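Note that the chains take the letters A, B and C in the order they are written out, and that residue 1 is the start of every chain.
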Amino acid sequence: MSGVSQSSTVLLNRLFTLKESSPLLLVTDTIAQSSYYLIKEFIHNVPKDTNIVYISFETIHKPKYANVFIEAYEMSSKALIEQINSTYESNVKNLIIIDSINFINNEILSQFLTSIIKPNLTVLATYHTSLPELETSVKYPNYPSSYKILSFIASSIFEIIPNSKEFDEEELELNLNKLNIVKGLNNSIFQINLINRRKSGRSINYKFEINTMNHNYNLILPDQSLDSGNSMDTQDLLKGLTTFNLTTSDKQKLAKDQVELPFLDAQSFNNGGAIVYEFEKDDDYDEEDPYEDPF
Amino acid sequence: MDHKRIKLDGQSKMSFRKRGEVLGGPNPRIPNAVPGRGGAPVTAPGIPGRAPLGPNVPGRVPPPRDISGTPLPPRGAGINPLKRTGMEPDLLANQVQNLSVEEIVKHPGVRPSSITSQATISTGSADLDKILGHQGLPVGSSYLLEESGTTDFSSVLMKSFASQGIVQNRLDPKNPNTHVIVLSSNQAWGKELPGVYKGSSRDIKRNRVIQNEQKLSVQNLLDTGDAPKPRASSSSNSEKKDNDLRIAWRYGLNDPKKQQATPLDNETYKDFNHQFDITSRLVPSPNANEITYIPLGTSFKPVIKQLETTIQRHKTKIIRLVIPSFLNPSMYPPPLATSQEALQFVHSLRSLTRKYSKTLAIAMSIPLELYPRDSLLIKQIESLSDAVFNLEPFNQEMLKFLEKAYQNQPTKVQHGLVHVYKVPHLSEKGQMLIMKSEFAFKNGKKKFEIEEWGIPVEDEGEPQQTTQNIDF
Amino acid sequence: MSQQQDLNLFVDNSIIPQKVYRDEPLFGVITHTQGTSPSWLINLLIENALYGTCVINHEKNQHRQLRSNVVVISFLNDFDFYEKDLKRNGIEVNDNQQFHFIDLFTDLFQKINTPESIVKIFDQLSKTIQNIPNKKTILIEGIEFLLSSTGITSIQLLNQINKLNKIADALFIITGADKELIDIQHANPSLPEFKTLDFIIRLLHRSNIVLGLRPLETGRAKDITGTLTISKGTIPFDSLVVSEKEYLFFVSRETTKLFFR
């Protein structure tokens, strides 16, 4: 187990220090826990000479760590691409932080990314999942949503989750849907769900608790108590993987539950006297004899 | 130039006002004199203390207008003609002189709010006036009446609101004091306004006798000019007062001093409200000097213009603007129901109530069956309205239940619930006055009643059973 | 009922800390729903921005010293609406050179109609406010209304707010957040519900502090108006720390009182 823990933390550190070659790192956040602290953690870890370019759509004041600050919110995408490309330094690592990639129109998103991605450059883009999004583009009905595009091309995805120890998940969601921002959110300690895609094509998934005060990252192992529940989900797991129909519909389940099995009947002693018979030592009982049934 | 006066150049002039500079010229506001608009501490018991008005005051000192109803130039206009820069519509306001203090006070249909001492008018339903919290609708505000289902109770209240204005306008033929504007292409709307309730047939006879007695002497007439006025039956007075108190309690107004002022007020403001008989008609029907119809087209833009010119034409009167069944497709073409058109219009209405805060009051009804309450459109209209009520008529089963429960007292059967969502002034100042299912209404021949809601208890049944259970 | 409490938003017991006017600008979002109109809170913020005091707090009599200009921009109310209440709180805005009211309510739609005209208004506005010397606190009320009443998109509107954000030391956006305003039935970006939800979420994603006013879940109570929740925004301050808490509050005609829950 400690091996898993070690290799996962090593991976996270390699990502934070930009040692993994990753053109696009996607951070998904919500109003409950924004990407702010995670971005800060990158800044804490990246090599000193990294060229940090901050693309602002919703940040008014230039962060101190940014080498270049581009106010993108009223810029055409063409001008923005030009300006980003003009900041590129080929001899050092480049980190392009986009405070909210939701501001880039779905239809030009893919083209935008391909025009800024270069060797030695990582785009660290935050996507706010709390924002409403269209299932499909109005203009081009088959075109995938921005979230799908981004998660498809990202080499790693950091999904940010508020520290769940503090909250009842359901209640929190209910509150957030009503835009009730309860206290205790947006903390310097939070969790991330990291999905990393290896060159081999394999994708690995780790959950960490990130403490940005002391820069400790702890792997959170899958909750053992949930394992018993997992067996129930084998049905879901196997869904679509076999040619047999292994699933039962809700209706079938209900019918199945309603069938009264005989042993249930036997357990209820409602029908008056029952014959209770116990074998005694002296009883003459022959197992082979079909007529020896005492009932 | 004072650095604080911020002028914005360009076509779109913004009223960037500071320091209470008011659009109406140098000193259109008389500090502390106008009820509710001065800076007097609101807690001051100013209401009963105000000089009581003699019943004959209206008409004694006619406001500056000639008999034909053509308004004379407003007093302030001569002082500051430079403000008339002509073309811009929003500057029209500069030429308007709102009713002066004396005029407002003289209006027989105006009394100070029991909470804020703002000038207040009756909605045409005494009970609705009560749940408005102010004993009426403050001038310079609007009330929205939502109705669920397909019934049309709200038209009764919309029409009473108009009738109330017409009746007051006729109190002194030489001195018209109220104008009704109806947003409708239906010019016959005013022909269906209810007349004043004359009392039961016995009351009518008695009144006739009294009137005859009074005709005997001129002195009599002068002394007791207000005597033959039909009133709510006095037998139920104490019960009514109780109810008033309880409603006042709901608004957190249990100051007994204020309540004691009520009987006195009834004398002082005797023409503040009337009781309307929905089976009768207002005779004669309102004429063009009393009511203006503004027809609907495919845009609200011209409507707002017409509204404002009409308000300005009658600037010395109380203006009752009635908007029956807002956005009802039978009168409103589809483009008007878009959020943009409808909300710009309602926002402009709110702006008018503030601009003409001493003369204009608005009553608007809207059918929730067509525009559900859980939509952004209705929520925004509510947030732009000063008072919001919702009539929710009972279904057939409930009505049958009530009829059975009140077997011997059919007049007690209520017709539905009244939900209160907003109350003028108090709600926008932060008080939480959402009262769901606390009131019920019944629409009778002689009035639209609103009372506290309670499910009637049937005599037999459950209570007895509980005692038996104890025995067991 | 528990003891009456002071209003404070930060752990140093301040409402708007002095540091905001030095080097830690503030972006605050105030949300409210029907039944809990925010005008009392706006008035307290105006007072605190102007003088650093708060009339409902125990130390209300402490010496008032002007510290920031206050610009109130309203799309829903006129000057009169604020004047009387501020006066009651002891602020004579008519004599106060540092209080500025921008009426974007009266005859609004005779002035604006198209997104372009809104952009123009905000350009003028930011120029004008920029010329006000010294520190600036800006409060904007009811701006979300433009989303449902005009063709402006949420991003266009946010870009207008950016213009003011740049020149303000403290900026508060006061917006309705009733569920009907943000309940999306169809994911259609031109629907006002979609625009409003998008707008408020994006506001929250740039906020340093969030104040939420809501009625009690249980409905109306005689002595409680609702809850005021103070929480951190999604973007922390450099050094200032928001004092997160939930107040119960009571607004009556005479007073406003806060209690701890």
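In the analysis below, contacts are C-beta pairs under 8 Å (C-beta built on N, C-alpha and C of every residue); 3 or more make two chains touch, one makes a residue touch a chain.
For clarity, every value in this text was computed on a predicted model and none was experimentally measured.
Q: Taking the mean of each chain's Cα atoms, which chain ends up nearest the overall Cα mean?
A: C
Q: Can you name the chain that lies farthest from subunit C, using the mean of each chain's Cα atoms as its centre?
A: The chain lying farthest from subunit C is A.
Q: When the C-alpha atoms of subunit A and subunit C are each averaged to a single point, how far apart are the two points in Å?
A: Each chain reduced to its C-alpha mean, subunit A and subunit C end up 35 Å apart.
Q: Just the number, please: Cα centre separation of subunit A and subunit B in whole Å.
A: Comparing mean C-alpha positions, subunit B is 57 Å from subunit A.
Q: State, to the nearest whole Å, the distance from the C-alpha centre of subunit B to the C-alpha centre of subunit C.
A: That gives a centre separation of 32 Å.
Q: Among the residues of subunit C, pick out those that touch two or more other chains and give their numbers.
A: Where subunit C meets two or more other chains at a single residue, that happens at 179.
Q: Got the subunit A residues that touch at least 2 other chains?
A: none
Q: List the residues on subunit A that touch subunit C in their complex, please.
A: 29, 31, 34, 36-37, 58-61, 73-74, 100, 102-103, 128, 130-135, 138, 178-186, 188
Q: Where on subunit C is subunit A touching in the complex?
A: Spelled out, the residues of subunit C in touch with subunit A are 25, 27, 31, 155, 158-159, 162, 165-166, 177, 179, 182, 184, 187-189, 194, 197-198, 200-202, 204-206, 210, 212, 214, 229-236, 244-246.
Q: Considering the complex alone, what residue numbers of subunit C touch subunit B?
A: Residue list for subunit C touching subunit B: 34-41, 76-81, 83-85, 87-88, 93-97, 99-113, 117, 120-121, 124-125, 128, 131-133, 145, 148-151, 176, 178-181, 183, 192-193, 196, 215-216, 219-220, 222, 225-226, 251-254, 256.
Q: Mind pulling up the subunit B residues that touch subunit C in the complex?
A: Residues 3-4, 6-10, 12-20, 23, 37, 39, 41-43, 89-90, 93, 115, 252, 339-340, 343-344, 347-348, 350-351, 354-355, 357, 373-380, 382-384, 421-422, 426-436 of subunit B touch subunit C in their complex.
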